[in-house]
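In the two assemblies presented below, chain A is common to both, partnered first by chain B and then by chain C.
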Partner chain A sequence: MQAHSLSRGSIAGLPAGSGGALPALVLVGLFFVVPVVALLLRSVTDPEPGLQNYAALFGSGTYVRVFLNTFLVAAVVTVVTIVVAFPVAWMLAIMPPALGSVVFGIIILSMWTNLLTRTYAWMVLLQRTGVINRALMGLGVIHEPLPLINNLTGVTIGMVYIMLPFMILPLVGTLRAIDPMTLRAAALCGASPSQAFRRILLPLSLPGIAAGGLMVFVMSLGYFVTPALLGGTSNMMLAEMIAQTVQSLLNWGLGSAAAFVLLAVTMVLYAIQLRMVGARRLAGGL
Partner chain B sequence: MRLILAGVLAGLLSATAAKADEMVFTSWGGTTQEAQTKSWAEPFAASSGIKVLQDGPTDYGKLKAMVDAKNVTWDVVDVEMDFAIKAAKDGLLEPIDFAAVPKADLDPRFSNEHAVGSFYYSFVLAWNKGVVSGEPTSWADMFDTKKFPGKRTFYKWSAPGVIEIALLADGVPADKLYPLDLERAFKKLDTIKSDIVWWGGGAESQQLIASGEAAFGQLWNGRVFALEKDGADVGVSWNQNLTAADVLVVPKGAKNKDSAMKFLAAATSPTGQAKFAEASGYAPINTKAKAEMPADVVKGLPDAHVEGQINLDMNYWAEHRDEIATRWYAWQTK
Partner chain C sequence: MTRPFLSIRAVRKAFGAFVAVHDVTIDVPKGEFLTFLGPSGSGKSTTLYAIAGFQDPTSGDVLLEDKSLLSVPSHKRNIGMVFQRYTLFPHLSVAENVAFPLRVRRRPDAEVKRKVADMLALVRLEKFADRYPGALSGGQQQRVALARALAYDPPILLMDEPLSALDKKLRQEIQAEIRRIHRETGVTVLYVTHDQEEALHLSDRIALFKEGRIEQIGTGEDLYLRPASEFVAGFIGNSNFLPAEHLETENGVALVRLADGSLVKGVKATQALGRGQKARLMVRPEAFRLTPMEGNASLAVEIVDTAFFGDRRRVVARTGSGDEIDVRPTSDTAEPGGTDAASGRQIFFDPTTAFLFPV
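Right after this comes the complex of A and B.
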């Protein structure tokens, strides 16, 4: 019945012949559009109609701080992920296909391992009494344990590790599409390797970087488990704050408002990105 | 749109709701819920024929959402007592049917119109003997980084405990703790902020202390009890131990209210409480339970450490929960 009322609304505006997409549209409507609208409604009606939740949100130093921190963490993670992913993707692109698919398999395999398990593994490695600190102290490299966990360093390491495949995959696609002859041509014209990288390879791979970077950035914004376990309270991210607001303070209105603002900001970013790169190239990069 | 969503949710939820001869018990998971299952749910199911389904972990946001949507799938929920008092005020709980749940032997500190005690516990000072030289004896020692260097671990969320510990360490006498001087407490906490590692759940607190990742900590006594049982090299000070309680509540509109009340009677009975205390190291809330327990278990309970024991004021917390939490997270994220 719900599907019926929805489909009548959506089919009217569609060109003839798109009836085959109907189930997909109903699915998107039911599981994506409806919850977002419900969220928005809740943020302006709970506990009473009005904008008081948004006023509370922006009037609260805590929330503003957590917002800024969330974007800072996402930005740092994105930049580091790009820097680490680029050489890997380049190797993959120029490797013999047989070897390439093995390396590819290893990268994909890490994605199939449970997120929580991977995060706990990092805890074991990074903590003061963890493997890395013990080894470095045993070798006499350091005398005091390095602060690798419960801070931005820990969050960045844990999240970059999780995000790498999402950056590598679109990048490999873009890099493979680049004609190797362009680089050879650059070399023949006297370009040094770094010039060839800066003026040929990098500009040509930008769509892949943009596509992967956007995905990593947006995914990072909403991350919960990894920052909660590897970060400290001074780099608390928004998802954890929202969970606290809803679970322990029972303030669904404020939690919804925070979630909606995050969503809105993400969509604005996405729109800007589409404008800069162009939707088609972005999709091609993916 | 809202109606559609509510309809879909209602359909999904009612598909999982318990049948008449079943009920759902929700608690915090881990060793605590295991002990509750063994000590309460299984014997109760055997004697009453009512099957007890387990769910969890307890989530206050979910509880409120269920009551608001008038589709309650939990029948008995283990919650912290300060939350229970606030939730009753907000109309989220059914009153307890004391015709079905015998009240006479229940510790009056941990029961009221809308809740009966589940168990009570103490926050104690625990440390890793392999890392710490000397013996900390009071909360003040946890703030003395010169005498006792190393990381210290405290409960991460805004809840009764850490604020009181900071005030006690700063020299506030136990009988002058309330109303809480938040300003003073946060100022005291500032002095060791960079040395604090937070624990968000019981298992994490055990891991931090057992590995020596944190030298000291404010732990639930049952978690220290379990560490000792496992042979970990931990020290514990019961001086200034702070009591708090978990209580059992029935959410408003629970579908199997009658079964729930029968379950509460079994869970709070002397036998149910004795068995749970033996399994968990937490204290019984039925005054007759101790008679049914081995002497060495009784010795390890918060009951055996009433000297210097301080009761956290659940009513004060219920009233100021939101206000304290706002300050707490503002300070923490700074």
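Right after this comes the complex of A and C.
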């Protein structure tokens, strides 16, 4: 009876007509907010109440290095993904629609293929005796196998490949909204192709780059499978560290603290991006 | 003979088997306002794009002061252009849009500032310098586009149906602006439109396109008063076409028989016609009179409808052979009388203002 009146009260507190959103709110509350709160609680209560988990996290050089490495990898992956995705997205945006939807389908299909399979495929390609190294040596381009795996290169290649669709999709949307005539106008105004790109196309595609970039960066921060398989021990990422802390060391408190820090950083980044996009809108341009 | 400023020589553009432009040749003197007029798909925009460098012609050449433009990429042609759609850069303010062509040319800041101020004054948008294109009306955006296209003093300004997205009142306003700006800057303008009124209002000369060819080129008066073909007569202004039979021509003056059997003499023949050849007699609506004058031809009609339009009346008449005629006498002439279909009467026209075209 009491619970009933409580839930009625909470509905009354929401804007009119939001009753339909209730199931979704319950779902989010039950499966997202509650675990996050539990995580937070665990990080300050396990093994005993206090901030000792956070102190350990920020006090230890190893953990700080893992944090920094996580951000480095996420940043490198994001930048490389933007650079690779841009020409693809531009091609998709200006392609005839029929051909475009085929290429789009292929990109979407790659997203549906099992992540582990794709990562193992990269292992086969990148390892010392892998296809790439053997081909390059066979062609006489190199004499020693290139170290393509168990390092930053391997992680970057594997993660960029997985992140590409998340960058391409928002970017295509932004690029399609740009009138190609605008670029012709820039050309007739005297802008060389590189000037037209820097002064017109790039600024106009910034919202797409920002949206895709944030998504890729945030996903990369917490990524586990690819760094675990293609990365090396010297550049461990946070998700791997959390897994080890919880699985091997059974230190739930420390693992929770690390996960919570990651979540907090992500949310701060998201807030910054929201503010930047909002400021641009206010400036009137887009 | 002096060299032409801009010379379009036998420009042809084919898309596969379809030829969009057939060997178009025009010489444009410096400072002229030349309009490419024609229905959509007549090749006028394609010709303009060849000059802009967006589409290379299949053959032919475009010479500016005797130098070929074709091998020069768009961004080095130094040509100004205003487009059909709004192509302002949405992330730049009005002033920065106008400054853009100067910035990419790396002109010094002081010059850019002065030129932007001049250009915004030219299009009367000084107060809007700091606005963004999204906050401007369509007409204002096209004026900014005009300022941007003229900021670097291009020798030629191309305009591709720049007013087609605007409503009628705004179109007329901006037409007046374009006339003024052409007068003030003396820039050579190539203007594309499908609107004959716009062409007549703006142009020094009009090139009327039909199916990729120039049907006639000349002043608005040439095209209106001395149309070279039925197509020209039909496209420029309003026209009545009466089925006729050519009887004979003497000294360029033809005698024809209309479908109702009446004879009209003294018609100008633009082309040689055989005896008994089927033809069409073109008479402008305003050439018809309700009262006869010396030497006028007459036509027995019944009045179908009549309306008053202030400066003119509009009378719909029907000939004995059933052809409807649009008559626009000035409104100071008398009311044509009863509007019931039975009321028969005669209307008159000066045969020397009529043209005979072969069918």
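One rule holds in what follows: the second predicted complex is superposed on the first by the 266 of 286 C-alpha atoms of A that agree within 3 Å, B and C clash if a C-alpha of one lies under 4 Å from a C-alpha of the other, contacts with A are read in each partner's own complex, and residues count from 1 in each chain.
Definition applied: a contact is a pair of C-beta atoms (placed from the backbone, for glycine too) under 8 Å apart; a residue touches a chain by one contact, two chains touch by 3 or more.
Not measured: the values here are computed from a predicted model.
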Chain A as common anchor, with chain B and chain C clashing or fitting: fit
Touching partner for A:204 - first (chain B), second (chain C), both, neither: second
Chain B versus chain C, judged by how many residues of chain A each one touches: B
Touched partner set for A:34, first chain B, second chain C, both or neither: first
Partner chain in contact with A:72 - chain B first, chain C second, else both or neither: neither
Chain B versus chain C as contact partner of A:192, first or second or both or neither: second
Chain B versus chain C as contact partner of A:236, first or second or both or neither: first
Which of chain B and chain C A:135 touches, first, second, both or neither: neither
Least Cα gap, in Å, left between chain B and chain C after the two complexes are fitted on chain A: 46
Parts of chain A lying in touch with chain C, wherever the complex brings them together: 179, 181-182, 184-193, 195-196, 199-200, 203-204, 283-286
Contacting residues of chain A [partner chain B, same complex]: 2, 5-6, 30, 34-35, 37-38, 41, 60-62, 65-66, 69, 127-129, 150, 228, 232-234, 236, 241, 244, 246-252, 255
Chain A-touching residues of chain C, taken from the complex the two chains share: 52-54, 73-81, 83, 85, 87-92, 100-101, 103-105, 131-132, 134-135, 145, 148-149, 152
Chain A contact footprint on chain B (complex, rising order): 1-2, 4-5, 7-8, 59-62, 64-65, 90, 151, 156-158, 197-198, 200, 211-213, 321-322, 325-326, 329-330, 332-334
